[in-house]
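So, here's a batch of structures to check.
Each of the next two complexes has chain A plus one other chain: chain B in the first, chain C in the second.
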Partner chain A sequence: MVNLEDLKNEAHKLLKEGTVKYIIGYERGTNGLLPIPAFIKNPEDVERLIWDPTCVFNLTRFLVDEKRRKASEKEPDERPVGVIVKGCDSRALVVLLQEKFINRDDVYILGVSCEEAGVLDEKKLAKTLKGKKAKNIEFTKNDNFVVMTEDGKTEISAKEILAERCLECKANFPVIYDILLGEKVKRKSDKPFGSLEKFESLSKEERWTFWKEQLDKCIRCYACRSVCPMCYCDECVADTINFAVTADTTAEEKAQKIKWAEKSPVTSENFVYHLVRAIHLAGRCIDCGECERVCPLDIPLRLLNKKLEKEAKELFDYEVGFDPDQPSLVSSFKDEDPEDFIR
Partner chain B sequence: MAEEFEPKIVAFLCKWCSSAGSDLAGVSRMEYPPNVVPITVMCSGSVSPLYIFSAFKRGADGVLVSGCHPGDCHYIKGNFYARRRIALVKKLLDYIGLEPQRFQMSWVSAAEGKKYTQIIKDFVQELKPLGPQTKLRSNS
Partner chain C sequence: MEKILTKKSFPQWVKKLSLYKIYAPVRDNDICNLEAIDNPESIDLDCSNTVLSPKKIIFPQREIYLEFETSDENKLQVKEILPEETPSVIFGVRPCDAKALTLTDKVFSGDFKDPYYWKRRNSTTLIGLACNIPPSPNCFCLSVGGSPHSKEGLDILMTDLGDKYFVESLSEKGSTLINLAKPLFQQPKAADKKAVEKTQAEAEKKIVRQIKDIKKIPSILENMFDSPLWDKESLSCLRCGICTYLCPTCHCFDINDEVSSSSPVKGKRVRTWDNCQFPDFTMHSSGHNPRPDRSSRLRQRILHKFQYFVELYKDYQCTGCGRCISKCPVGIDIIEVLDKVSDYGS
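Let's turn to the complex of A and B:
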């Protein structure tokens, strides 16, 4: 078990000694069960930190913002930022390091292990509690959660409310860290790509009908893009204006720029966005589930990401997020890569 | 009687090989169907998945990416990267329910005019029964 006091003590020490400029963690919010991200600068404030199965967010996204902020500062504080990461989040860090988007020296990693549990799925929990509000939630040894509601305690089997990704997690402990809290034990997980099976068994037309219905819902709010630590490009082809316009950009240049996708949320444009998104995350998405969680239309984005993760594994034996020194999926190849599809 | 459906194919052809292969087919007066819109690219490795999605969006019934044979890429490794990327795009398009026949890749050298014409003939034959590609096509 991760001892919250240990986490606070470590954080306190890091801030007090000035090892880090601030720490990104979780604190209780004012609305509902889910926490909010905490940015802690003063050692006394570590009291606000929490760690429990409601800590769903992938905080590494804030490192992307931090990098941008730092770039605009005249005399930036060069100390690393402390960040609390779970197993999946640590794999996001691995990818950011692998792509040299961040440097190892810029981050101090406080790893927390989910051990045999994981984080919960808010939507699943709401369904199980049928309108009752959870006040507190704890994991017990026998693969159950004890949930406190206004009617008292209820025990719910972990499977019922754990996030889908946790059920299929490859390593529910950090794979990279400066300090590790909790044990490197692994939950007995389901088949790694089990959640795809049902969908993959559908016929081609059924699959098309499914995705058309799902992606037609998309309102192109780009919440999925904003929350993803891998979506750090300064310019995105999905945007109507996808090139930097400066004072020197001529009308001629502007006229020649290609508009790849309209922002109008219609089938053809939504598919361009989502296909590009999926392919650009191939070999990079570490399945933190954030995109799907934040989607206001409940589009099952994980089903897209996970498919490419599976293909990367099956076609190229590529596993994402374990080795910062391995070349990335699409910037490498092997002589024996499959080519039976090529004429 | 309705006219027979003539599929439109967008072909991304590497300048150093497949594009030259298609030229050879042309200057040698080999006959092949006129369904192709060829787009010359510098290397099969320079074909972004976005080009492919975009071609389908703009109404292509089929898309072909063709490069130099492994080992013959002018930039040495471009076609190996392409092979990986295209494999993923192929899986993705199939997954969302596009007919897998609509997206093909081939290796065609500058000397293989004949192979090129055969690939196009086969492609057209496979696309005909599928009818127009409307799934990803933009209506505007």
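Let's turn to the complex of A and C:
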């Protein structure tokens, strides 16, 4: 079991000794059950840190902000940033390192293992509790969660309220770290691509109907893009201004730039946005599930990314997020790569 | 006019309104959406509040202004498009969302009365549903001049009394709808009125969240433009558009030409929602952006709602629905931010 006090002690030491400039972790928020990201600078503030099954966020997303902030500073603090990562988050970090977006020296990784559990799905929990409000949630040894509500303690089988991605997790302990808390034990995942089964049994026409209905709900708030650590492009094809306008950009240049997607939330434009995003995540998405969690309209975005992850595995035997030195899927070629799709 | 309608008769009432286009809360797995419905049975009035408010119907995310096309003689032809005035009814409108429409009414009036907005607004009847239980743990309507049973902006207010609704007509539009199904409604008894009073008093007590010192906030904000608070509070902001798109009062929009053919030129001029939290929102064509970072964008959201709007229209541009708090991916909490503003002022 990960002991929260150990985590606080490690964080305290790192801040006190000045090894890191700040630590990105989880703290209690005011808006509900889920925590909020904590940015801790003072050693005393480590008391705010928490670690429990509500810690769903992928905090590596904030390393993207940190990189931008640092680039704009005249005399940046060169010390690394401490970041708390779960297994899935650590795989995101591997991709950011592999793509040379982040330097290993710029980050101090505090790995926490989910061990045999994972994090919860707030919606599943709400359904199970039928209106009761959860106050506190803890792991127990026997594959259960102990949930405190106003009516007292209840034990719920982990399977019932675990996030779908945790049920399919490949390694629920960090694959890269400077300090590791908890054991490198793995939850037995029955089917790594289980969530795809229902979707793959559909015919082409049924799939089209399914996705049309889902993507027509999209209001283009771009929360899925904004929360994704892999969506770090400075310019996005989905934006109205999808190129860097500088003082030197001429009116002609602006006029000639292609507008890839209109702002209108209609079928064609929503498909352009979501499919471009899905393709750009092929071989890069590590299945932290954040895009799906934050979608206010409940669009099952994880399915798209999971499907591409499966294709990468089946076609190219490529597994994402385990080795920062591995060449990336789209920028590498092997003689045995299938090419029957080239006509 | 005050009436009683049994829950059993409710679908029959909806059926009697066949001349209207009906919108109502509909459950979609874990969420509730406001949708156009054909079958009264699909209405779910026990839903928590809908993801998007009736704003999405009165001020839709996409509105076509005009269509343009070049003719054979290379002449540009422009055709104005105005929305059809379809008589519509929206059921299950929560008091906060009805109040929100009274605020957007102000914005789309003034020197210029926006015909797109008002065509839809005038042809829509709003049937409210009092919140006996707060639809969200982050509801805070009481802090911003609302209440779980406020009648502001509504044509009818329905209060759930177990196996029946207490139905109160608040306008001529509302009475018309009741009169279309007169035999279904009964006169309320004294006990019903008492039950409504009791339910409403209890409902107010169930709202736990509140803003500390709302009255002082507009004047404190006047001196906070350069405060370091905005940096601190926006540290985790992801620059997504959830808070503003889901807000029942946010009304910023963009106008674009969507060209479907370049030769001959053909296309549409459309208005779409825009969002002050997006990085390109205030981007100038020079490349300069006066609100270049998340801190200035959070400041804009707060100042617009609690300073500028108050200066312009003497009301907060917030009705306490709690959507921005509950749905923020990183838990940025407008109540917390405003409480810190209060602390800053004292």
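Some points to look at:
Assume the second predicted complex is superposed on the first by the 343 of 343 C-alpha atoms of A that agree within 3 Å, B and C clash if a C-alpha of one lies under 4 Å from a C-alpha of the other, contacts with A are read in each partner's own complex, and residues count from 1 in each chain.
Here is the rule we go by: a residue touches a chain if its C-beta (ideal position, glycine included) is under 8 Å from a C-beta of that chain, and two chains touch if they have at least 3 such contacts.
Since we're looking at a predicted model, the values are computed, not measured.
If you put the two complexes together on chain A, you find that chain B and chain C both fit without a clash. By the touch criterion defined above, A:30 reaches chain C but does not reach chain B.
With both structures placed on the common chain, the touch criterion links A:266 to chain B and to chain C.
Of the two partner chains placed around the shared chain by superposition, neither chain B nor chain C is touched by A:135.
Vectors from the Cα centre of chain A to those of chain B and chain C enclose 90° in the overlay, to the nearest 10. Of the two partner chains, chain C is the only one that A:61 touches; chain B does not reach it. After overlaying the two complexes on the shared chain, residue contacts for A:41 are found with neither chain B nor chain C.
In the overlay built on the shared chain, the residue A:159 is in contact with neither chain B nor chain C. Legend: residue contacts after superposition of the two complexes on their common chain; A:209 is shown touching chain B, with no touch to chain C. When the two structures are aligned on the shared chain, A:343 is found in touch with chain B, with no touch to chain C. Fitting both structures onto chain A leaves chain B and chain C with a minimum C-alpha separation of 5 Å. Overlap of the chain B and chain C contact sets on chain A: residues 262, 266. Considering their complex, residues 28-31, 33, 51-52, 61-62, 137-138, 235-236, 238-242, 245-246, 254, 256, 258, 270, 272-275, 278-280, 283, 285-287, 325-333, 335-336 of chain C touch chain A.
Contact residues of chain A toward chain C in the complex are 29-32, 34-37, 39, 57, 61-62, 123, 126-127, 133, 217, 219-223, 225-227, 239-241, 244-247, 249, 251, 254, 262-266, 290, 293-294, 296-298. Residues 200, 204-212, 237, 260-262, 266-269, 271-272, 275-276, 278-279, 282, 304, 307-308, 311-312, 315-316, 329-333, 335, 337-339, 341-343 of chain A touch chain B in their complex.
Contact residues on chain B toward chain A in their complex (touch as defined above): 49-50, 53-54, 57, 70, 77, 80-81, 83-99, 104-107, 119, 122, 135-140.
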